[in-house]
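Chains: A, B, C and D, in written order; residue numbering restarts at 1 for each.
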Amino acid sequence: MNPINGIFVPHVVPYSADGSLNEGVLREIVSWLIGKGVSGLYPNGSMGEFIRLSFEERKRVVKIVADESRGRVPVLAGAAEPNTDLVLEMCRFCADLGCRAVSITGPYYYKPSQESIETYFREIAANSPIDIVLYNIPAFSTEISVPVLTRLALDCPRIVGTKDSSADMCRFLHIMNAVKPQRPDFSVLLGWEELIVPAIMMGADGGTLSTAGVAPEAIMRIYNTVRKGDFEEAKRLQYKLLELFQTMLKAGNFPAGFRLGYKARGFDIGHARFPCSEEEAVLLGEVAKKIACLLGECGLDEKLPRCDLPGFHSKTPYSGKQAPAGQLASAILDRTRVEQLVREVMASMK
Amino acid sequence: MNPINGIFVPHVVPYSADGSLNEGVLREIVSWLIGKGVSGLYPNGSMGEFIRLSFEERKRVVKIVADESRGRVPVLAGAAEPNTDLVLEMCRFCADLGCRAVSITGPYYYKPSQESIETYFREIAANSPIDIVLYNIPAFSTEISVPVLTRLALDCPRIVGTKDSSADMCRFLHIMNAVKPQRPDFSVLLGWEELIVPAIMMGADGGTLSTAGVAPEAIMRIYNTVRKGDFEEAKRLQYKLLELFQTMLKAGNFPAGFRLGYKARGFDIGHARFPCSEEEAVLLGEVAKKIACLLGECGLDEKLPRCDLPGFHSKTPYSGKQAPAGQLASAILDRTRVEQLVREVMASMK
Amino acid sequence: MNPINGIFVPHVVPYSADGSLNEGVLREIVSWLIGKGVSGLYPNGSMGEFIRLSFEERKRVVKIVADESRGRVPVLAGAAEPNTDLVLEMCRFCADLGCRAVSITGPYYYKPSQESIETYFREIAANSPIDIVLYNIPAFSTEISVPVLTRLALDCPRIVGTKDSSADMCRFLHIMNAVKPQRPDFSVLLGWEELIVPAIMMGADGGTLSTAGVAPEAIMRIYNTVRKGDFEEAKRLQYKLLELFQTMLKAGNFPAGFRLGYKARGFDIGHARFPCSEEEAVLLGEVAKKIACLLGECGLDEKLPRCDLPGFHSKTPYSGKQAPAGQLASAILDRTRVEQLVREVMASMK
Amino acid sequence: MNPINGIFVPHVVPYSADGSLNEGVLREIVSWLIGKGVSGLYPNGSMGEFIRLSFEERKRVVKIVADESRGRVPVLAGAAEPNTDLVLEMCRFCADLGCRAVSITGPYYYKPSQESIETYFREIAANSPIDIVLYNIPAFSTEISVPVLTRLALDCPRIVGTKDSSADMCRFLHIMNAVKPQRPDFSVLLGWEELIVPAIMMGADGGTLSTAGVAPEAIMRIYNTVRKGDFEEAKRLQYKLLELFQTMLKAGNFPAGFRLGYKARGFDIGHARFPCSEEEAVLLGEVAKKIACLLGECGLDEKLPRCDLPGFHSKTPYSGKQAPAGQLASAILDRTRVEQLVREVMASMK
């Protein structure tokens, strides 16, 4: 098997009006992304709300993605199931579907010791019929420490890589330093858009970037630019990416902002599986326009509405010396500030 | 319906050798606890590893507990399912079984805004056929803030109480102060053994205490003592409880230490659903003896082995002026220290 | 020497218009507090902005307090100087002035290991001519862990007590449990108003409460009530205290809110030694009225303006069944919300 | 004035046997560093234990450094004094000595709001006779948020740069993105060795790196390599730097490990101004040998002892494909583990 590299897309799950999986739109997204040149697909990640699906729904998502992609790109499927037996059942299921590997987070809810987490992954690695990527996302689940990750990488052939969404560049460098000299084929993938250019400059093998589901053209352009060594242009694009990513990251409850991005690209994906308050819904409507404009700015105007937000300076991309486009964005984006304002205004109207 | 009060037991789930639910032992535990006089049962709490069970297994646990208790005590069942539809399905299931109420944590993994969490609970409360207890356990799931909890308590008749496992006495006092004057029948239950006496002194309605599954006699004695106003004796018992609780809390990965307590009381409950390392297993063996001795010290010698740990001063209960019993415990219990020592010793033997 | 107990007042430092120490007002405050029956005085605590004074100013503050109190009450003086030599110089200075003891925080800025902190306090204890109180305030300086505090308490005669401002009732109970049985004369003082009643119920020796500088009558009444065993009344007063404390705690930057309290009591103490923004200054003006009203509610109307805040239900003290007084307070107090609102409004006016 | 760029050295303060400043050795260090080609000097930083010196000692340190450097390199002097008046007094003092700028941290001990911190820096900037660098070091003092830093950078000509020791690459990128397009001459300096290469690749102006005081040859080589665009070699050196930095960072209490580095380079700098326990002192002795060997590995053998640590693979520098040198280091460096082990062994010998 080849090492895992390039840009994998942790995509959303679309729902129908009744809240059930929308298979048609999911297939549409998969083929659209493959058409845009992404390196691989990543169902059942945090973006895909895996934890809000039933076990059967998670299986169905992988099945649809594997079926629709028809081997055109590799599939890295989330398998962070609630106990070892179910993890292994999902591993077998994904193996049978021909997935390239599964991705498993550290435990959530409980916070076991690092020693126990190591034992847990060793057990899975010893019994899995499919390659494993260790998914570190300390904001949501217990961290997999660098020493544990290193020992697992050096001891377990089944564990072939890591996806790191800690937003911690130092952690990334320490993993590279600890693992790569002894196992150069171990894949180190960044799961944080803001660090993708410096990480690839420093040797990362690729990324699993949610933004790649919304703006695959932009992300693939960044990836290809930095891979071919055009660091000046890669740098420029990295800075340009910050605002789009932050806008989607901070809009409502993750992953709501990224879901707005899919809508801006024309996909009817329905509501996320967690409610938001009325005030937040109003706010999301505003941010949706902003996201559409930012995507337009990236030159991704296919299906996008023309930008007519007051004060939004379209067509003035960040060039290293000028004011960053979209100052409206910063006014919109401080969630706390805006939530509070909206509450206040609504309260005053009562 | 009467307000919920007294001591509810968040009990373990026993497993057979093959890892499946052990219905026989679960029934045994339920009837044993009822026989000891506990106020109610609490299946599918954090102690019951709800998150490591499948949806079907969680249903089966509640069914067994409801069936075995046969109305002798009320059942408060965990219903922290992964999305609103599944929460409501579990609510209906528990209602049909005649449970007194369900208990629902804040969201885990994702960390939605407090406004969204409020909306989430309002939706559930509007559609649930059974009373709801808000379960705040910030170590494992997103906090339910005091303002949100207060608004929910004052607006939603279906939300009849809270279980607080934050170990934060100030939070408890603020909840009491914000809710009780306007809704005196709202139940405030403490989920932290170390604060049970001061909390009841300050007006709490009871507790959901894991230790009550291991030492129901001791916990019910504390509860009855403080309820009847014998504060001096209650104080003495509260201090005495600290060591037993800390010993079980810090032994291995929660809830492993409490599971050792059940074993010490004679229940064959099998292994928790998360592995521990070999070194940790060795350590747990040591702590098991310690827990047995501490339980013996509490006068709970039924089924317990005689204590022959070197240096363990049995029969010298803490009396407010003497050295606390079981200095060995403090030597055993600092998990980090011991783990490291064991690793070191094992390394040196290689 | 007698053990330290009762209520010590960590008082403010008043400044003149030019920013220098205002000796006259400081003397006025000291004698006023003694007249109100407080147990002792505590210059150079966090309330006294010790870290914003020069070394010479700190000496002068203690000198004035010791001189003005003239042995009427004991003085516990802060001596958290930046290195061991300066700590010991301050210890000698306070000893010469006849202070009862000094209080020393864990290190600030740097975060040494617990082992080093233990060594640091052992060195000071071995060389100090005056008794020492260990001041734990983890919000501002490195925690002194329970094991370290216990070893110091049991080994060092010079270390005679602890002041705990962690707001952590569990920590308090563990300290009591670890130290008191072996050294009953070790003073355990609470530095958190919200826990004073339950802590004294559970055996605390007293408190160092900033509110005692603003409302000495109220705090001494609570202290005397709980000491004489009238727990029902003590409980009622504890709940009543929550709002006043939170109002002062959260108004602007600590200790600005408490300084407003002194002003409400008629003391011209000048501005704290850190600026606040214009918006915050406007907000503090609002909170000042609220604090005055809350103090009036406590029956402390001496020198206080009549309360005419709209919506403020004066003369309806919390009685356990009614709405808490001062709902305006909760509207005013969420600092983030208000700051943001004010910013927004001011921005919209430009 | 030219923008501040290059590598500034936050150097230690050497002490004589009696604990007083050792002026002779300080002058020796200053001239040695200048001889090694560093870009500038940085007295009274965190490395220089500014907070453990008296105000007079801090002045003396700057005076000696300014005097000894005689204009050969610019001096950036720490001025994080405890109140605005004293900050401004230090600003004037440094201006009179001809320093290039002062560096001021966010407030320590107290944690004022971001709005107040902004006001504080605006006041200082409006009154300072010398340029100011905003020093963000959230591990030790209150963070200066990106929006506040941005507003200050865009509004205050006196504020000419920032030193960022947050180890947060995302924060660095956001600062670059927010400030540079509008104020390209604003200096962004990294204060974290592990990120120096990627940061300069992404546009940073330089660094204030403690390691530059111990291994100025190595740091200047990295800086010059990345500046001239040799990214492959810069990358190799960046990875090589990780172990040396972590070894010094984690040895004992910061900045003890770096002080060992100065000793390894032959400077008699005495003990830091905070005690360490006996066990920690034993451990530091071991780490000292390790640091000497690591420095030797960097080719900095001037004055260094030959490395004869068992198991230390000298002369096998990290080359991207081999095992990292110094596996002993990782065995030595987990402070918690070793502390605990040493305690245990010493306890068992009693």
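Convention: contacts are C-beta pairs under 8 Å (C-beta built on N, C-alpha and C of every residue); 3 or more make two chains touch, one makes a residue touch a chain.
Here the structure is a predicted model, which is why all the values come from computation and not from measurement.
*Asks:* Is the C-beta contact count larger for B-C or for C-D?
*Replies:* Result of the comparison of B-C and C-D: C-D.
*Asks:* Average the CA atoms of each chain to get its centre, and name the chain whose centre is farthest from that of subunit A.
*Replies:* C
*Asks:* Compute the distance, rounded to whole Å, between the mean C-alpha positions of subunit C and subunit D.
*Replies:* Centre-to-centre distance between subunit C and subunit D: 36 Å.
*Asks:* Residues of subunit A touching 2+ other chains?
*Replies:* none
*Asks:* Can you list the residues on subunit C that touch subunit D in the complex?
*Replies:* Residue positions touching the partner: 19, 46, 51-55, 82-86, 107-113, 115-116, 118-120, 123, 139-141, 252-254, 273-280, 335, 339.
*Asks:* Can you list the residues on subunit C that touch subunit B in the complex?
*Replies:* Those residues of subunit C that touch subunit B are 167, 169-170, 173-174, 176-178, 180-182, 184, 192, 194-195, 197-198, 201-203, 231, 235, 238-239, 242-243, 318-324.
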